[in-house]
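Here subunit A shows up in two complexes: once beside subunit B, once beside subunit C.
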Partner chain A sequence: MKTKRKHAPFKKWIKTYEGQKFYISVLFLLIPVLLLAVFTFVPAVNMIVYSFQDRDKYGANVSWVGIQNYKTIFTDTSILSTFKNSLYYLCGSFIQQVIALLVASILCSKIRAKGLFKGILFFPYLMNGVAVSIIFKKFFVKGERGIVPEGTLNSVLSVFGIEPIKWISAESPLLANICLVFVSIWRYVGFDIIMYIGAINSISPDLYEAADLDGANPWQRFKYIVFPSIKPIISLQLILAVKGAISVFEIPYIITGGTMNTSTFVIDTINTAFSKNKVGLASAMAVILLVIIIIVTLLQKYFFREDGSKLRQRRKTREGKR
Partner chain B sequence: MKERSNVRHSVIRQEKPIYWSRIIVKTFSYLVLAIGCIMVFIPIAAVIFGAFKDSKDVANTGALELPTHWVFDNFKTAFIDGKVLKGLGNTAIIIVVSCVGTIMTGTMTAFVIQRFDGKMTRFIKAAFLLATLLPNISMQVTVFQIMYKLGLYRTFAAPIVLYVGTDIISIYIFMQFLSQIPTSLDESGIIDGASYPRIYFSIILPNLKPAIATVLIIKFVGIYNDFYTPNLYMSEDDPVVSTVLYSFISGKRTQWEIVFAGIILCIIPTLIMFLTLQKYIYNGLVSGAVKE
Partner chain C sequence: MKTGKLLSAVLAAIMSVSTMGLLTGCGGSDSGSSAAPSGNGGAESKAGSSEAAEPSGEKVTLEVLTNRTDRVQDGSLDKLTDPFEEANNCEIKYVAYEDYAGSVSTRMGTDDYGDVLCIPDDVALADLKNFFEPFGTYDDISAKYRWADAKMDADKNVYGISTGGNAVGILYNKKVWSDAGITAMPKTPDEFITDLKQIKEKTEAIPLYTEYAAADWTLNQWGNLVNSASGNPNYENDILEKKLDLFAKDGGYYQTYKLMFDIFSTPGILEEDHANTDWESSKVWFGEGKIATLVMGSWAISQFQENAGDNVADIGYMPAPFTAADGKQYAETSSDFCMGVSKHSKNVDLAKKFVEWFASESGFAQKEGMIGSALNSQMPDNLSAFQDTVTFSKTSAPDNLIGKWDEIDKESGVGIWDGSNDNFKLKMAEAAFAGKGESEFEAIIKEANEKWAAARDKILGK
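This part shows the complex of A and B:
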């Protein structure tokens, strides 16, 4: 009798909106929160714990080693040199931004077959990364008579009478890395073009009209109207470029496998964990990557909040003047 | 009437002054675009030509020379023996299940977090926000241990669980969109006596359609092109598109003509999707990136 009485109000309560809110919240959030915990937060905590341990891929043979793993990272020249490689990609993404801005402003002017050009330049971004990497593996190959046919680039250059060049080789890590950066630009520049087109198109046409009345040339138009309006997006892109440069993985992993001094920090981390089976060391590397990314993200958040508040302030003062 | 047409004529005939600077800018613009398109085409052209060559042709002709005789067997070999067909099938399964999963969990999470304001939901929202900071790719070092312990290693469940469970961008897109759906719509449902589940299914979900389309496009492109996750977690016997292509070149001897045919077969679905959904793809991918 007593239990029944206790149950009745609960049954009623669950039908009220208050009760519904409760059970809907629990039901709807149960799986997402569980997945978030198991596949994001538990591994994140594990990562920090493992970084002080020596352990293998399957979690056997665990021993504590203190900060030894971190010491290894900062003394191992092969790991440190991957940061140098990241600089190539960082320079590459600056060049990529310049190209994207140029093409985007061209595509926003009066041009025929805009959609076609836009589509062609964007399509590499949609292509499968492995396919892109294989295409460029073929592109940069230097042939050997009777064994390996000449690659695409050397074939093209031979038309102009240029001798075949060994593009990706251990002798010239600089050239090899430049080639890989080129692939990265080839693949991703289309996306930036679309981003910038969106930004440029959102500029009010009144401004252009005013500029035309004043007889501005295209460069002046870009300098005084387009550039100031899309500055926030450019700086966002540059910050994302830093994040991108530090976490390059797919293209060098498939084209060179990280050999010939073209490895990146992420390739090294993955190889350390899964080929060399040193999960402790790899976790320490992952922690360092995490710290770098968090610093960059915080900088991004800081600068962008600043920008936003400045804008708002400016708008307020302008309204005040009116 | 006559007079009028005369007037018109004279207006048209009035010569425009030639702006040399404008012509130079135009020429430069088309030149840049043309060079860009050639840069995109040359590497791909070598693959297209190569796919129709036989092994002798590949060795003896230049990369950009047309095949001496056109061969179609490479496609058959890549499709069946090269397991491209199997890869496409497996990828399709993973994409469908992951998309359904993401839409369910994403919209539900966004609904609760956005509509029921409270300490608990704010805390959960902060947790999801914090998770965006963690670099997915290097996290796999420790995620792998968990996958292994849960017995998901070398199953389809591993990539699916990751695509559904660690996709926070989608939740953000849904939340952003939900904040634009007025709460008065929910309230009118409540006045009519609808329960919250009813509100979710018959008011919120239909109104989220554009956001769902965006998420579907981002997911399709992301999963179809992902190499890292399937390479790490799936067995070689059950390849997806990316790992099939990778298996072509990771062996001892690379048969380039088969590889090229495989690449073309794997790019065709992307090309079809791009041509049919072009406009949505531009908007979808850009809106996904801005939220990152």
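This part shows the complex of A and C:
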């Protein structure tokens, strides 16, 4: 009796508009959720399981080792030390923010062919990372007498009478890393510019007008109007920069393969799994990376929830006044 | 109205089902490449019938996985196999992978990894029995084939037969070397470096090309010289039995990598930009005489000859420039890939027959300039420079040490055949490029020695 009584309203409910909406959306959601499960959740769970095992690529002779892999990561200094190369990318991303902000401010002022410039600057972000890396692999080539012509950069410099420079070399890991960071900036700065343009455009023109009336110069306008208004976007960008710096992969992997002291944590993880054949340890490294990324994401969420709740509060008080 | 709603629900259901179908379809074709489905289909229909060739009916198809993309693309492998296909009324389907070890290790995670395949070197010897069918015991196989111990487990079962082997040495351009006025081949590391400097002075060629952009495998080519440098077939076993340091002075490892370090530290005799070497182009440059010397296994000879155009005769191969204490020069011969038969093959007997045929009668090794795996085969012509050297193949490990070498290598993290960025070879090379001196070299080998000793004591006991 009880079930029947419960069942009947369900049958009725499913015929209602609400019910239809519900099961149709469930059916449609099934596809992306399935894809997500097969290609993301199942492998991720497997990875966490593997991180407690001693196993090779072939999955033969698997043995459980508990937290031994994690112990290895935190005791063997050579593993975590590759994070130091991430610092280059972190520094690079600060420079990237400055450039992006500068260009965005310029593009928001009254200039010609704004759209064209936006398009050109955003284009590298649309290009595949592998393609970008291959282009820059050729860009930094130091020529070889009689065999290889100078790369793009050295050819351009030679016009100004500058001797060809060996950009990526073991002699100077600093220069090699700077080159790679430059590629990273080149690729991602367009995205930041668009973000900043969006933020700056959302500032009410009334404020500018008022500032003009008060005789503010462009710097003062930036300092007292633009900067405070786009602060949330800047902090979001910085958090994204941290994430990016930790997980940088394709640019160094393709240009140097991680040689010449340009390796990153992700490249090391791949080498550990597929070159050193220690899939268990590599999984543990990947889990640690995952945890770091989750922490950073939570921080980001935390900061933005603060802003959101403040906004809500403000709105509430405004409504209350009304 | 109602039908409309029903229709949309059905549509959604169909879409989700078809996506699933797409997924599984993808999975199937991904693991099987193009050949797998047909290979399986053929195998299944054949499974019930007898082994002998059927007059009518479908032919058996064997799927053979190989690393030789070039030979599959130019069709020469297929042509080579015609006699076998006719004799056994079967079809051999070659599937080649560019990144062989990587692709095959993924396939070996499933049950479908072809009928016959080249055994990837990073399958631990102890695990061979989980993946491959044994051909017989060591005693049986070694009576017919060279390098029978290459893929043997601790019970002395042999799981793979060599497709051919290489004498180990150094690739050089004969014309450039003679243009530089060098008449006698170098017999010691010092002579070798002197010769390289002479090439730098007298010719336009790059004396030695490092191929450093592909360091993950090209630096391993130096490792091939180790046993030859030691002049001792039992060298690896000695290291374990006598508990020697891996880089004990005057041992093969020390001499080989010291030579590498010294060459890489000498300015002017290498290419300028180590980060941008190009393996494929270097084959052409080598034939053109723009590169004088390359450290490569003899497997590379035929590839360089193909790209040399009219200069084929210039491609030479010399023994490693080390002279042992007894005044002789040694060269190790070692096996290229070994072929094994998948445990999950439906035609094990035919597959085994194919492997043995490929090793002994196919003529593949001769064609590729390798030493044939059958015991009675001749040394190939392109190794004529080895006339005065003593060739040997390394002794197989004694029963209690089978597989221990690899085990210690993995446990210690030294990575004798590994090309990761923190590997000792890459560290040495980069220290040399950066002009750091001898002390850096000593520090690197000290670290490797310590790691090795710790792992050895853990696995073999003190």
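Here is the rule we use: the second predicted complex is superposed on the first by the 263 of 322 C-alpha atoms of A that agree within 3 Å, B and C clash if a C-alpha of one lies under 4 Å from a C-alpha of the other, contacts with A are read in each partner's own complex, and residues count from 1 in each chain.
Definition applied: contacts are C-beta pairs under 8 Å (C-beta built on N, C-alpha and C of every residue); 3 or more make two chains touch, one makes a residue touch a chain.
Being a predicted model, the structure only gives us computed values, none of them experimental.
Engineer: Identify which of subunit B and subunit C touches the larger number of residues of subunit A.
Structural biologist: More residues of subunit A are touched by B.
Engineer: After lining up the shared chain so the two structures overlap, which partner does A:161 touch, if you call subunit B first and subunit C second: first, second, both or neither?
Structural biologist: Touch status of A:161: no partner.
Engineer: Counting only touches as set out at the top, which of subunit B and subunit C does A:215 meet: first, second, both, neither?
Structural biologist: neither
Engineer: Look at A:59 in the shared chain and tell me whether it touches subunit B only, subunit C only, both, or neither; answer first, second, both or neither.
Structural biologist: After superposition on chain A, A:59 lies in contact with both partners, subunit B and subunit C.
Engineer: Regarding the shared-chain residue A:117, is it in contact with subunit B (first), subunit C (second), both, or neither?
Structural biologist: first
Engineer: Regarding the shared-chain residue A:170, is it in contact with subunit B (first), subunit C (second), both, or neither?
Structural biologist: second
Engineer: Touching A:276 in the superposition: subunit B (first), subunit C (second), both, neither?
Structural biologist: second
Engineer: Is A:254 touching the first partner subunit B, the second partner subunit C, both, or neither of them?
Structural biologist: Touch status of A:254: first partner only.
Engineer: Should A:128 be classified as contacting the first partner (subunit B), the second (subunit C), both, or neither?
Structural biologist: The answer is first: A:128 touches subunit B but not subunit C.
Engineer: Applying the touch criterion given at the start, work out whether A:205 contacts subunit B, subunit C, both or neither, answering first, second, both or neither.
Structural biologist: So A:205 meets neither subunit B nor subunit C here.
Engineer: Which residues of subunit A are in contact with subunit B in one complex and with subunit C in the other?
Structural biologist: 20, 24, 28, 31, 35, 38, 57-59, 137, 146, 151, 274
Engineer: Can you check the complex and tell me which residues of subunit B touch subunit A?
Structural biologist: 21, 25, 29-30, 32-33, 36-37, 39-44, 46-47, 50, 58-65, 105-106, 108-109, 111-112, 116, 120-121, 124, 127-128, 131, 133-135, 137-146, 148-149, 161-162, 164-166, 171, 190, 195-197, 200, 221, 224-225, 227-228, 232, 241-243, 245-246, 248-249, 256, 259-260, 263, 266-267, 270-271, 273-274, 278, 281-282, 285-286, 289, 292
Engineer: Which of the residues in subunit A come into contact with subunit B in the complex?
Structural biologist: The touching residues are 17, 20-21, 24-25, 28-29, 31-33, 35-36, 38-44, 46-47, 50, 57-59, 102-103, 106-107, 109, 111, 115, 117, 119-131, 134-139, 146, 149-152, 155-156, 158, 186, 191, 194-195, 198, 217-218, 240, 247, 249-250, 254, 266, 269-270, 273-274, 279, 282-283, 285-286, 289-290, 293-294, 297.
Engineer: Write out the stretch or stretches of subunit C touching subunit A in their complex.
Structural biologist: Per the touch definition, subunit C meets subunit A at residues 5, 8-9, 12-13, 15-16, 19-20, 23, 102, 105, 108-109, 122-124, 126-127, 130-131, 204, 206, 212-216, 271-276, 278, 285, 290, 410, 413, 415, 418-422, 426, 429-431, 433-435.
Engineer: In their shared complex, at which residues does subunit A touch subunit C?
Structural biologist: That would be residues 20, 23-24, 27-28, 30-31, 34-35, 38, 56-61, 78, 137, 140-148, 151, 166, 168-171, 176, 255-261, 263, 267-268, 271-272, 274-278 of subunit A.
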